[in-house]
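Some structures to go through are shown next.
Each of the next two complexes has chain A plus one more chain, namely chain B in the first and chain C in the second.
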Partner chain A sequence: MAIIIKILEYILIAFGVAILGLIYGGIGRKITARIQNRYGPPFYQNILDVLKLFGKRNEASHGVMFDLGPVIALTGILTSLMFLPLGSSTPLISFEGDIFVLFYLLVVSPLGMALGAGEGANPNATIGIARGLTMMLGYELVLFVSIIPLMIHYDTASFYKLVQMQGTFPNWNFFPFFLSAFAGLIALQGMMGLQPFDVVVAPHEIASGPMVEYSGRFLGLLQLWHAIAVIVETGIIADAFLGNGGAGWFILKTFSLFMIVIMVAAIFPRFRIGQAVKFYWKYPLIIGLLGFLVLFIWR
Partner chain B sequence: MGLFKFSRSRSLWMMHFCTGCGAIEMPPTMTSRYDMERFGIIPMATPRQSDLLLVTGYLTVKTLKRVVRSYEQMAEPKYVIAFGSCTMRGGMYWDSYNTVKELDLYIPVDIYINGCMPRPEAIIDAFIKLRDMIDKGEANAWKNYRDNLDWYKQNQAKVFDINKWSAKI
Partner chain C sequence: MRYFEYFVGPQHVGVTGNMSYHLWADGDEIKKMITSVGYLHRGFEKLMEYREWVKNVPMVPRICVPEPDVNEVLYAMGVEELSGLVPSERAQYIRVLVLEMARLSAFLFYFAGAAGALGLYTIPQWTIGDRDYILDRFEELTGGRAYHIYTTPGGVRRDLPDGFKSRVQETMNYLKKRLIDYDRLMFENAIIVKRTKGIGIIEKDYAMNMGVTGPNLRASGIKADVRKDDHYLVYDKLDFDVPVVGDGDIFSRIMQRRLEFDESIKIIEQVLEMMPDGGFIEKLPNPIEWKVPAGDVYVKLESSKGEFGYYIVSNGEEKPYRIHVRGPSYTHGIQVAQEKIVGMRIADVAPFLFSLDVCPPDIER
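And now, the complex of A and B:
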């Protein structure tokens, strides 16, 4: 009985997070428009987009794997949502070492997409996949380096424990570990695939990369994946560095992080893929490694 | 069902097939001055993802092949807006040997915009008209193409063959 309630609760959370992510995306589009001196779409525009995509018919298909690609992508992000503490609430699955599992699961979605788009055999998709996987080498490393000092400091590899132990406002990890937080924020920019790191989905260059052959409902699933990924990715940084709190605080924190990312994205042009990875391995990685010094000074 | 219809008319992803001079009217329509994103219309990179095909000017026979192919790659329901007098009756290319004069013979068109070229105001006006047409269920050109596929294919084949014939001479 208890497990059924837990599963229902999780389904509810997943729906809520998807809609929240879509609304974040809509507000992000509005903010970008205002920065560019435009009026911008309504904040619920992304929800309409997804509804429309699910209402389309006779999409192109290029084989079984092509159809399953978006499903794997969505499954991967929904599974990583199980490990993420939303504010101070207990995640569905929590054990010692779940940070590593969470980070592995974050890779499942891009890989699923790569498998699916690969079967489409469009050259643009192939370039997009190659760029996406190369990009992952850049930001994953920085993200790990920014989280490891916290795991050493609290002597735990359980995300839930890590969030619980850091406490509320004045005890945020952000203040002692500000260097790691800064590196994490730069990694977030690449993880969300926004400018200056939007080499993967570069609409005017490689015709939206891995998504080039997808249409209709498949594209709708990919949009949902992006929406949930927004919450999961900002949620990781918010949980790790910005303390714990209720669901309301969690929404406020993830939204502020999302706003920072969107505003940076609105004013930057695009790196080339080589430049992007080089950038990650130079500056944020050095900043992240300097973050380890806090362990010696502050403890 | 009403929600799907509503979202269909409020979120049109468009692909502009940039032929002729109409393409130059699109940047102002997209950017700060006229801003079509207000109506949920954004440019998409590929025909697979888009709902709305903009044919922005005259079409040579060679380009027409690509337009037909792009149009057939789009997922239904799909809409077409044709720009300027060239797509209606040939315009200034009336007596040209390798342009098509009536786009409507080869792919179904929902809305024509008059002018040479139409201003961004006219384009925005056409977008709103199309939105209203979708709301009322009148934008059914894609159904027309599916039902009369033979007729359209015949017309296309005719013009493609003529091209082959004239190349021989």
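And now, the complex of A and C:
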């Protein structure tokens, strides 16, 4: 019985997170529009978009893998969500070492996308996939380097324990580990695939890359994936560096992080793929490694 | 060796209009490109042979959408030269005003394209929004926003409305203020510099040999401007500089336009101050029966894209015998683009094409 309640609870959370992610996206569009001297769409536009897309028929398909790609992407991110503490609440799955599993699962979605879009055989999608997988080499490393000092400091590889041990406001990891947090924030920009690291979609270069062949319900699934990914990705940084707290605080923190990312994206052009990876392996990585110094000084 | 094949256009944000580029890449490096035009072909040159002289006036602006006035003025200048008409000085000043305003709006379009190609989507929204203020002035003066059909052989269709000069000055002041923001966001942006410096270089000698003109030529280091070298209208009375950036890469071409933007504002301000009183159009013969004297003439002027020229032949009939349009985009968008794109990265294709400021309709006139 307990397991059924837990599953139902998770479904509810996943649903809520998806809606929240879509609203974040909508507000993000609004903020970007204001920076660009426009009015922008209403904040609930992304929800309408997804509903509309799910109401469409899918006439075009490029094979089973093409159809399964968005499903794998969505499944990957939903599974990641199980490991993410939403504020001080216990995640669905938590054990010693779950940080590694979470990071591993984060790769599943882009891989699913790659498998699906690759089947479509559109050259733009293929270039997008190649870029996406290369890009991961950049930001994943930085993200990991920014989290490892925390794991060493708290002597745990459980994300939930890590969040619980850091406490509330003045005891945020952000203050002692500000260098790591800064590196993590730069990694977040790349994870979210926004400027200057939006090489994967790059409309002017490869016409939206991997998404180019998708339409209708598949595109709807991809938008849902993206919406949940927004919460999971900002959630990782918020949990790791911005202390624990109730669900309200979690929303506020993730939203603030999302706003920073959106505003940075509005004022930067895009790197070339080589420049983007080089950038990650240079400055954020150095900043992240300097974060270890804090650890050794503190201990 | 099999290359990776892909297309930019005709429906693609990475290309400046309805035009297609067929590319072959080896990994991320472009090995070959073939341009594919024809999506906009309406046969302007042939159509003009079937219309009376004055009926061509509404058609010529279609040859370049972002900067249509160039074609109107050129056509009018050609017909005037053939028929011995001399427009009044006021009309000439008004033409310079219109040309320079069109130039500014074309440059704003250019900044939008170049920044968009590099992924900086705030600049396109800003510049296209600010371009609308110039279009407001055009609407006030000519009644049209994009196409003006304002300059006709013999002068211009209407005189300036009341208070127009001060409103143009206000628009110029606004643009000057906005340029500070543009500079900070675009022209001094470290990533833009990193992305565009040393990429897509058009060397000085190559530019000369290929017949590159206008800002693209000046960006390659050659000081040549029809407005200075071969005066037309009243440009000889105006004081302005011809900036030369000189490196020939994408960044130089973008900066070249940025510097020329200042000069155009300077010209407009002088025109507003120096414009004399007088008539705005000469007395014309009955337009339906107007027979332009036989002869041929080549007229040219400096557009925001390069040197624009019209070769007009009349055999003394009501209609032109032949009109040839020499647009700058043919050279820039086809020959130069095709040769210089080889060896470039896929990511640099769109910025490079946008930096050349190609206008597909003038390739397919």
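Observations, loosely collected:
The working rule: the second predicted complex is superposed on the first by the 297 of 299 C-alpha atoms of A that agree within 3 Å, B and C clash if a C-alpha of one lies under 4 Å from a C-alpha of the other, contacts with A are read in each partner's own complex, and residues count from 1 in each chain.
Throughout what follows, a residue touches a chain if its C-beta (ideal position, glycine included) is under 8 Å from a C-beta of that chain, and two chains touch if they have at least 3 such contacts.
These numbers were taken from a predicted model, which means no experiment stands behind them.
Judged by the touch definition given at the top, the superposed model places A:Pro203 against both chain B and chain C. By the document's definition of touching, both partners, chain B and chain C, reach A:Gln36.
Once the two complexes are laid over each other on the shared chain, residue contacts for A:Arg272 go to chain C alone; chain B is not touched. Contacts of A:Thr90 after superposition: neither chain B nor chain C is touched. By the touch criterion stated above, A:Met211 is placed in contact with chain B alone, chain C being left untouched. By the touch criterion defined above, A:Ser256 reaches neither chain B nor chain C.
Of the two partner chains, neither chain B nor chain C is touched by A:Asn171.
Overlap of the chain B and chain C interfaces on chain A comprises residues 36-38, 203-204, 207. Against chain A, the residues of chain B that register as touching in their complex are 3-4, 6-8, 10-11, 13, 31-32, 35, 37-40, 43-46, 48-49, 51, 73-77.
On chain C, the positions that touch chain A within their shared complex are 4-7, 12-14, 28, 115-122, 125-126, 129, 185, 189, 191-192, 194-195, 345-351.
Interface of chain A with chain B (complex): residues 29, 33, 36-42, 45, 47-49, 51-52, 54-60, 203-204, 207-208, 211-216, 219. Residues 35-38, 123-124, 126-127, 195-196, 198-199, 202-207, 266-275 of chain A touch chain C in their complex.
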